[in-house]
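Structures for review follow.
After this come two complexes, each holding subunit A, first together with subunit B and then together with subunit C.
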Partner chain A sequence: MFFRVIAKDRLPDLVRGLSTEFEVVGPVAKGEKFVLAPIEDPASLRLDYDTTVLPPKKWFFPPEETIMRFRVADNEVVDDEVYAPPRVLFGLHPCDVNSLLLMDNVFFGKYVDPYYRARRENTLIVGVSCTPSDTCFCNAWGTDETHWGFDIFLSDIGDSYFASIRSVKGAELVDRHVESRDITDEDTRLFQERTAAFKAAFSNDVDTSQLPLLLDAKFDSPIWEAFGEKCLACGACSMVCPTCYCFDVHDELEADQQHGRRVRTWDSCQFKEFAAVAHGQNFRDTRASRVKYRYYHKQWGYLSKFERVLCVGCGRCARACKANINPVRVVEALQTGVVD
Partner chain B sequence: MAPRVVVVSLASDFGCQVQLTNMEDDLLDVLGLMDLTYWQLASSGHMPDAYDVAIIEGAVTTTEHVELLKDVRSKAAAVVAIGTCAVTGGIPALANTAGLETRYATVYGGGVAVAPGRIAPAPIDSIIDVDYHVPGCPIDTAEFLRGLSRVLQGLSDHMPDQMMCASCKVSENACFLEVGTVCLGLVTRAGCKAKCPSLGRPCTGCRGIAPDANLASAREVFARYGCDPASLASSLLVYNTAAEVTA
Partner chain C sequence: MDTIMRGTHVSGAVPESTVNPYRPWPARITSIMDLTPQEKLFELRLIDSDAREAFDFSAGQFVELSVFGVGEAPISISSAPSKQGFIELCVRNAGDVTGALHRKQCGDIVGLRGPFGRGFPFEEMKGHDVLLVAGGLGIAPLKSLINHIHDDRHDFGKVTILYGAKKPDEVLFRYQFDMWQHRDDFDLMLTVDQPDDTWEGEVGLVTRLFDKIDVDPENTYGAICGPPVMYKYVIAEMRKKAMDVDRIYVSFERRMKCGIGKCGHCGVGHQYACVDGPVFNYWEAMNLQEAI
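Presenting the complex of A and B:
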């Protein structure tokens, strides 16, 4: 990794330059909220955003995707090409950069997901530092820092960005498209000062120590029934989660019934149908069991396999859940035995 | 042999049948798959004695409807209910909220002989078995086509059981509840891709209450976000009077 300093007023040059080679996607305003969308004009890029409604996963693993088209008469696949244009995701926060690394563990496992891979390999990541909002708790998992998983990371140091450059491609693009200079000791001092201020700005200070042990000890706790009473089973938490990767696959025929497409869509473990199998059996028949296993998977099951929890503390679920269920409250309930 | 299809109308505003005519891009494909033997809205022909598929719009509001449905059920291999009137009783069933006869007296005056054989408006499956359901007010043509495909392929019915919020998040809509606006998406059956919220209007629940809805928690959510908890039940009545609104 090496470092450069880019003046803030030069940043539009980088965005414009990248646009000549890539589709540039970044945070833009949508009403009162923000979404990750293609950037036509650098002025629409809102690096001061708090969070986006949907996480970056939608650019690698879309909510609905045709994975192949087929012909009914002879059962032949007529199209299974993956659309994966060269793209830059510009302005991801550390939580979201980390979320993609967690998704990689799953989609690049023994059975590589070709749809995810095609887009991931064709996408560069430009991260940007942030200010914690009242729903952020990345500090609980250490995902408030990111050391890899990006090509360029821009840390705000006042009038400039302290740019950490991780990849050769990132270095080439900075060289080609924007004026930059070497870092000085003063830049490094500012970077450390900003980092300390960022760490001190979190309002959530949930204690996640010994969480797997606590989960095991509280497997039969009444808190799960209490959360089940509250849960709307709407699945909003899974949709907005940057690390939820479950999907459903089904076939649809065109109106003429001669051609069809195989579609994959985001799924949620909070849907009753999620664990329904043939013969009417359902392994997660109650809301309480579904909420419980959401947390056992994210905070224990995934951990046991990949040594990280499957959560980056982005707080999107805390914003999306109208029933006020989120990891901070669940951890607190595990500790106190009470759901307020 | 192409399946013989009839389209039957009960009490409704025919809006869902108009939707069928609105699917211009697919209409020729669809008509090519069937022998459409009767459709009151689109032709002056008469109901035949034999057919394979009956597509039914509207709520059951008279004894004549009941007899018609029983006759249809005895003849059709597959019965498809389209639209919320047919699926939940819909807006016609609002007449039940103050007692049917009271409503009639309010609208038509006491002692006036209208609507002979009237009965409390009800969904079709309160009278006969229904094989396929396409809810919505009006129906979404893409969803109708998916349903029709299931009929033609002999697959089972597949109405989504979950609620709307997940689709609304996928569309990255702002949440109406967060600004204190009554929205019924959190208890309403999914499947329309949150069409109204995506167009800037809250969900009015036209697809009916989802089987998996948590009405008790939804009422608490309303209170937390500054919506009158009682408005959940009253808003749900519009499309759900025939169902049991327990909130």
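Presenting the complex of A and C:
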């Protein structure tokens, strides 16, 4: 990996430069929260944000998208092209950079999802270091660091960023648009110091010991009934989750009834009908079974295929859940057998 | 703006595939047969000849059937892979898509994606006895295996088929099974729960038929498909006959949207029925929470 040092007061040059070639999307303030939105003015970019309401997945896998247009008469597809503008996601935290790598495992593989792929290929990632908030627990999964999955990663070392450059494109863009210099031993020392302070700043300490095994061994534990009692089945946890990828597909007809579009939308395993089949059988009829499935899949189902848990500890679900159900509490309950 | 700009992200190898796995191939309905008041057998032919030749499946796999304007539904293939160029689907009128299909006529065009999933281990079963147990519409995927065995009959030992339906008029493929009852290379037993005056066969649940068969446990593969409630009882009978857990195969029905391991709906335990199944052996199924 290459490293450069970029002075903080030069960073707007990079944003402005990128804007000449890409749509630049980054964290901006919205009320008291932050969202990822197109950046018109570098001054609106808020790299001091805690987290965004929605995760970056929506820039690759939108909440609703037309996957094809069709003609009813001969049941033909008339259009399944994907429009993917060149874009930069500027200022993603390590958890979110890691979340995209987890999504890649699902949307690539034997069957490549062309819609996700087109956007992924046309999007550059610029990461930025962060400070843990009280809902963060990325330290539990090792997703507090990211070593790939970005083009440029900016680590705050005081007056400057210690920039890790991962791709040719990233190197070119830094070269072209912003003043930078080689790193010195002092810069690396500051980077290490900053990393140590970051690691020490977490307030959550999740005991993940033997988690996949415990999910099976305690499959019939009363904790799931207890969480099921609390769960509102609203699906907010899935919507705000950077790694929840489940979707629904439906057809919509135009007024002429002869043309239409096939649409996919975000879905949630917490919704009652999620596992129901045509003639009445519902494989996860109770809220308890659905809450359990969400954790079972994330911490074991996905892991059994890709050797990582399907969670990056961003804490968005902890902020969104009105019933105070989140991985920190669920894992603790699994370990202790008690829902506090 | 550019829509193709390669090599911009570095997360890993981006595969080269250009096929859109969500895009259905047009298929023409070449024959429709009423099987029961709720079920019809559709024969389909992919219109594109390349797609037709590339459509290589194994018994137990399924397709996503598309009626544009209504939606898609996963349907298991009922014909044998040895029947080339055509695909048969035995479909119950149970939902929006299957309802729309039931209203189609011969010559109409629908969409197909697939074949998807993991089918029965046909090659591994060769050289052995096979015991097939179906309940209700569960005969649909097993019919593909039965017909495939039929076409390679000399490669198999004893073949026993136990099939239970609720009522006589719900027995599927009766035209064929009535004939097969007289064959000595297939040991076929039908049973119904609620007989009528015309029914001369067995009465009761399919598990009752196990008293009437002999199984060589060292040499027999089992294949089961039926309503969810049926599996544990049939498996218990097979285990009583001392059949091995990893030679008993089950096929599961689950809700599916994509068929390719992405939409998440068909999760069963830690697996997905669409790509890891829908056929699992019982050892695997025992390790899938809430599967049976």
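In the analysis below, the second predicted complex is superposed on the first by the 340 of 340 C-alpha atoms of A that agree within 3 Å, B and C clash if a C-alpha of one lies under 4 Å from a C-alpha of the other, contacts with A are read in each partner's own complex, and residues count from 1 in each chain.
Simple rule for what comes next: a contact is a pair of C-beta atoms (placed from the backbone, for glycine too) under 8 Å apart; a residue touches a chain by one contact, two chains touch by 3 or more.
Because the structure is predicted, anything quoted here is derived from the model rather than measured.
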Under the stated touch criterion, which partner chain does A:315 make contact with: subunit B (first), subunit C (second), both, or neither?
neither
So, does A:91 touch the first partner subunit B, the second partner subunit C, both, or neither?
neither
After the superposition on A, what does A:169 contact: first (subunit B), second (subunit C), both or neither?
second
Which partner reaches more residues of subunit A, subunit B or subunit C?
C
After superposition on the shared chain, which partner residues are touched by A:253: those of subunit B (first), subunit C (second), both, or neither?
both
Should A:219 be classified as contacting the first partner (subunit B), the second (subunit C), both, or neither?
second
Shared subunit A footprint, subunit B vs subunit C, residue numbers 253, 257
Could you list, by residue number, the parts of subunit B that touch subunit A in their complex?
25-26, 29-30, 32-33, 145-146, 149, 152-153, 161-166, 168-170, 172-175, 177, 186-187, 212-214, 216-218, 220-221, 224-225
In their shared complex, subunit B is touched by residues of subunit A numbered 30-33, 35, 52-54, 63-64, 229-236, 238-240, 252-257, 266, 268, 271-273, 287, 320, 322-324
Once bound in the complex, which stretches of subunit A touch subunit C?
67-68, 70-72, 74-77, 80, 82-86, 100-101, 104, 106-114, 117-118, 120-125, 148-151, 166-169, 216, 219, 245-251, 253, 257, 260, 262, 267, 269, 274-279, 281, 283-284, 289, 293, 296-297, 300-301, 304
Considering the complex alone, what residue numbers of subunit C touch subunit A?
1-12, 14-15, 17-24, 26, 66-73, 92, 94-95, 98, 109-111, 227-228, 253-255, 257-258, 260-265, 267-271, 275, 289-290
